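Right after this note come the structures.
You will see two complexes here that share chain A, one where it goes with chain B and one where it goes with chain C.
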Partner chain A sequence: MVDFLNALVALSNFVLIPAIAYGSQLALGALGVTLIYGILRFSNFAHGDTMAFGAMITVLITWWMQSVGINLGPLPTALLALPFGILGCMALVLFTDRVVYKFYREQKAKPVILVIVSMGVMFIMNGLVRFIIGPGDQKFADGERFLISAREFKQLTGLREGLAIKTTQCLTVVVAIVCVTLLFWFLNKTRTGKSMRAYSDNEDLALLSGINPERVVMYTWLIVATLATVAGVLYGLDKTFKPFIYFQLLLPIFASAIVGGLGNPLGAIAGGFVIAFSEVTVTYAWKKVLKYLLPENLEPSSLVQLLSTDYKFAVSFVILLIVLLFKPTGLFKGKSV
Partner chain B sequence: MSEMMKNTALFALVAALILITGFYQSWNSAIFILNMGLISAVMAIGVNLQWGFAGLFNVGIMGFVALGGLAVVLIAEVPTPGAWTSGGVGVIMALILGAMTIVAATVLNKMMQPGRSRTLIMLAILIGGFFLFRAVFDPAVSGIEKINPAAQGNIGGLGLPVLLAWPAGGLLAAGAAWLIGKTALGLRSDYLAIATLGIAEIIIAVMKNEDWLARGVKNVIGLPRPLPNEIDLQNDPGFVESAASLGLDPVTASTLYVKLGYSVLFTVVLLVLLWMAQMALKSPWGRMMRAIRDNEVAARAMGKDVTKRHLQIFVLGSAICGVAGAMMTTLDGQLTPGTYQPLRFTFLIWVMVIVGGSGNNFGAVLGAMLIWFLWVQVEPMGLFFMELITSGMADDSDLKKHLIDSAAHMRLLTMGVILLLVLRFSPRGLIPEK
Partner chain C sequence: MKKLLMATAASALMATTAMAGGHAKEVKLGIIFGFTGPIESLTPPMAAAAEMAMKEVTDSGLLLDAATVTPIRADSTCIDSGAATSAAERLITSDGINGLVGGDCSGVTGAILSNVALPNGMLMISPSATSPALSTAEDNGLFFRTAPSDARQGVVMTEILMEQGVKEVALTYTNNDYGKGLADSFQQAFEAAGGTITITAAHEDGKADYSAEVGALAAAGGEKLVIAGYVDQGGSGVMRAALDSGAFDTFHFPDGMYGAKLESDFGDEIDGSTGQLPGTDSPGADTIKAMGEANGFDGTSSFVSESYDAAALIMLAMQAANSKDPADYKGKVMDVANAPGEKIYPGELAKALQILKDGGEIDYVGATAVELIGGGESAGNYRQYEIKDGKITTVQFR
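Up next, the complex of A and B:
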């Protein structure tokens, strides 16, 4: 029985909790991608760098707050700076939309042209972030590091395995739940949200019913900027802020959105967790858990790691491919252009 | 005729830019720009084949370029003594086992009716196959990696002449492209883009982690070269004498000689590929490709096998990128998987093709040379610009220091701005498709 508990604790510590936190971050990112796909009808390659930009503004404001002594006690100061980051990111994406995307929308350009345009935006945003904050790692997390540390947990329960819950992991999940609840309330209950869904379902019909497309597009960008900044800041708090990492997050985020069904917000969340859990379980060394569960003579000699951690991209990609081949619209019904 | 004039003028402009670099900076850096520009031009031809001719949105160029680089190691590197006996055979066996598992799963998928029993058998095959694969693969790999790990520890090459590695790189990339195309080409443009983006990352991950293959992030250095070493030239009295007669010191003369030698080799490859691409464009095959690109449904209705043609051109274009990758690794003389980054090896090539003019081979070549020149030169230009605008600030000002330190990141910004400007005001590129 104690062995079973130990195994359970080890599993939670190394697999469940990190995967839930990572899944929430991916889900927030994928929601942004999926909203743009649903309303503006293209895959936004600049999304990773939008996340980086919003997170960067937050980091800068956090540093300023730390320097003048504003803090949230046990919670990271970044939470206070987050609204400013969101505002900065909103300003950037609205500016980009006005200067860049609007022209192609009016031309009714093919989606693939918009994807190439978003490649250009990606270059600019990436350059901008590196220009302002530099390409290196930046530390901005403060406050209490652990909600419960491994040592405290061991003393409390007397088990051999420790369970550590980082404040940032807990925060990630809470913030993600709040964001998703607000988003779904907005999409389902408010007038603007309903018109967004109508526009996404059938553009012509929505236009006929007098929905103003520019307004819908503007609200979409505002929501996307919010989600991207929140996702970027949470990821930065939980792991590290490095501009290049956000660019690399693009792949798992797209994988999440597609696995769930592009254009479907519920799917994006499910997809985020599917990708996160597969990445973590496939690259985790299971020896630690198995040694409690199996009888002593069967104890594995190797690490029982299916793939080395560097192959986590491969995991999200293989899942993506399997879903595309067997269920092209994703787990939840997405749309196709 | 005026169009011809304009195009010639554009090429002359690029040539002039490179010459100016030669006169005002150094001939070494001018020829470096020229050499990498030629390689980029080869990549751009490959991408133009896929995007310009057939409308395939491939953002996995980096992967094929890296495979070309891998081919150089596998073909030209000296063989590692004992690698084949201590594990090489085992690795090959394991790879065959892995391939058989996947083939078995695909056959099963086709043969059996969908249902729970199919899923279960499928899972059993895949999981069993995976563990069998690891059981054969892991000992073989550790056997290879034990051999002289400080300098080798990899399977080694065949010791063949390095120029053979160029077509081999093309073949390796073509093989990978065939596999990828078989699975991913049925996808819509957006999905294909994301699929290829992912595959490129996986190829790089494999090259970084499979140390038995090409030493992973430990890098392979000192690859064989098709041209003599500079140091040998400097010790050759005949060469020193002829350098002196040109008024050059032996060191400069030898580096220039070797670099120009590469330029000649690359130019030959570029011209051959350009000629082939032009022929393909004008042929009935090229017209069919453009017909498919412009209206897939109509082409299908005319009895064209769209899927097969897409696969064909995907393989061809990727092979060209593989050749370019092999050329680049030969020029560098080393394979460093850590340096492959999508911004540099995928998206920059896309900027080249779009700016040059998608659908036009000469446009792709021009775009490649021009964008590569800018990519190299924007950094010093940005530094100069930053020094100009910060000249009024105090020397110890943090802002000034930050601006000058960040000047290096101007190049990404510039590339993005160029791409957006071209897309907006001249969407067909500098030399548009006819």
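Up next, the complex of A and C:
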């Protein structure tokens, strides 16, 4: 029994908990991508850098709050600064929409043109963030780091394996659940949400029934800015804030959105977890877990690792390929690419 | 009309001679480091140290015919061989340099050597490329380095760990020429000494999440985790994740992991961790530190001393050969670096130039106790340190 518990704890500590936290971060990012794709009908490559921008504003405000002594006790101060970050990010995306995307929307430009335009926006935002805050790592996390650390857990339970749960991991999951619930409530129950879905389903029909397209577009951007900032800040708190890493985050986010089905919010969440779990589980070395579970004479001498960690990105993209081959619209019915 | 033509031709001729005269009095040295990229926090003091050596020589007025030495910087990016190659190409063909200090990271240094330096007959001295593969690369006697090969670092690391009684470690490396080369040489040395490496896992720099790597490393276990990576990059990410999940408490850091970040971001969390980086207790090291303070850069940062020495060696070899043509002075680098001769420390370049001018011999010791062996690479002195109460503490030199 103790062996079984040890195995379970080792598995949770190194696979389940990190993957759930990472999956939530990806899911929040993928939700933003999928909303833009569903309503504005293009793949927004600037999403990673939108996250970086929102997180950057939050970091700057957090630093200011820390310097004047405002804090949240055990919780990170960044949570207080988050609303300001969201406002800053909203201002930025509305500005880019007015200056860049609106022009192409009025021309009824093809989606592929908008994709390329978003790449341009991506590079500008990327440069802007690095210009303002610099290219290096920035520390802004404070408050209690651990809900329970590996050492405390061992002392508490007497088990051989430790279990560490970070405040930020817990926070990530809680905030992600709250955000997703609010989003679904908004999309399904409110008038604006319904008009957004109508606009997404059939643009012409929606226009005929008197829906103001500019309003729909504006609300979409506001929601996307919120999601992007929340995802960016949670990621930064849990790992580290570094502009270039947000740019790198774009690939797994897109993989999540596409696996789940582009344009389908539920799919984006499922996709985020599929990608996160596949990266962590397939390359996990099962030796430790099996050692606890199997009788002594069957103990594995090798690492029992399916694939070396070098291949973790290959794994998520193989999943992406398989899904696209057999279900081109993704796991949940999204729009075909 | 004829007169006008004559006048133009004459003035053009004069302009060219004037130019040529100016050139004889000027030595241009290229500095190709990764001013952007994974080690961008290390390169500014490195370049400053190389430029300080050049200024010292210029001020002495003793090199060749009182030539001035002009540094020209270029960006190697550390990782992008294409960008580094074209930057080096530009230094040689358009700027017309007479010697090259660099490159910095092993991968780009190999690319610059084979694609640009060899075909153009340009001499280069790298202060920080440590890949063992460069020892055997074809170089026509044009490539030297003031940093030791990682084959040597692997042996030193093994000695340090064995002395602590550590017999079983997990190993992760950054997936590039530096990380792979160091990991291989360490694995070889450690296993030959009777140690066990439970797992060797690569990590990619600048990635979003390292849970998978840490999961695998933790499952394999070991007394310490050896991270052959960069402190500015994935190395810190892996270490953070390993600490947070309680997978490892203590680490061992090769040279790429040394940095102020160990103190500022990790501090006493990693008490008991050990590491080593090229360094020496020869008097030169203190001199460089003081000279760095006077010139506004950190003289103890990684590879700063090596950079000063690399630039100094090029200029001293030029003086010894009485020529700024790489084909002439390439044979002199080993002569000025090694015994016999008067020992030369940092800040004494003027004295060295005078001795060479008078036909004497020097043994350049410099900031890092330079001793070139084999195909022209440093024999290697290392500083061993330990993290005590959150501070990097020097244990000994070896």
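Just so we're on the same page, the second predicted complex is superposed on the first by the 331 of 337 C-alpha atoms of A that agree within 3 Å, B and C clash if a C-alpha of one lies under 4 Å from a C-alpha of the other, contacts with A are read in each partner's own complex, and residues count from 1 in each chain.
In this section, contacts are C-beta pairs under 8 Å (C-beta built on N, C-alpha and C of every residue); 3 or more make two chains touch, one makes a residue touch a chain.
Nothing here was measured: the structure is a model prediction, and the numbers come from that model.
K.L.:
Return fit or clash for chain B versus chain C, each positioned on chain A through the superposition.
P.N.:
clash
K.L.:
Between chain B and chain C, whom does A:42 touch in the aligned arrangement: first, second, both, or neither?
P.N.:
So A:42 only meets chain B here.
K.L.:
Is A:134 touching anything from chain B or chain C once the two structures are fitted on A? First, second, both or neither.
P.N.:
First partner only.
K.L.:
Would you check which partner chain A:166 touches, where first means chain B only, second means chain C only, and both and neither mean what they say?
P.N.:
A:166 sits against chain C, while chain B stays out of touch.
K.L.:
Quick check for you: in the superposed arrangement, does A:321 touch first (chain B), second (chain C), both or neither?
P.N.:
The first partner, chain B, only.
K.L.:
Between chain B (first) and chain C (second), which, if any, makes contact with A:149: first, second, both or neither?
P.N.:
It touches chain C, and chain B stays clear.
K.L.:
In the overlaid three-chain picture, which partner chain does A:283 touch, first (chain B) or second (chain C), both, or neither?
P.N.:
Only chain C; A:283 stays clear of chain B.
K.L.:
For A:103, select first, second, both or neither according to whether it touches chain B, chain C, the two together, or no partner.
P.N.:
In the superposition, A:103 contacts chain B only.
K.L.:
Looking at the overlay, does A:22 come into contact with chain B only (first), chain C only (second), both, or neither?
P.N.:
In the superposition, A:22 contacts chain C only.
K.L.:
Where along chain B is the clash with chain C: 9-17, 27-35, 81-89 or 153-161?
P.N.:
So the stretch of chain B that bumps into chain C is 27-35.
K.L.:
Both chain B and chain C touch chain A; at which residues?
P.N.:
135, 248, 308, 310, 313
K.L.:
Under the definition above, what is the set of chain A residues touching chain B in their complex?
P.N.:
Its residues touching chain B are 37, 42-43, 100, 103, 111-113, 115-117, 119-128, 130-132, 134-135, 247-248, 250-251, 254-255, 258, 262, 306, 308, 310-311, 313-314, 316-317, 320-321, 324-325, 328, 336-337.
K.L.:
Give every residue of chain A touching chain C within the complex, in rising order.
P.N.:
10, 13-15, 18-19, 22, 135-137, 139, 145-146, 149-151, 162, 164, 166, 235, 239-240, 242, 244-245, 248-249, 252, 276, 279-280, 283-289, 303, 305, 308-310, 312-313
K.L.:
Going by the contact rule at the top, pick out the chain B residues touching chain A in the complex.
P.N.:
The touching residues are 55, 57, 130, 183-184, 187-191, 193-195, 197-199, 201-202, 205, 208-209, 342-343, 347, 350-351, 354, 405-406, 409-417, 419-420, 423-424, 427.
K.L.:
Inside the complex, what are the residues of chain C that reach chain A?
P.N.:
Chain C residues touching chain A: 40-41, 175, 199, 201-204, 206-209, 211-216, 218-221, 232, 236-237, 240-241, 244-247, 261, 265.
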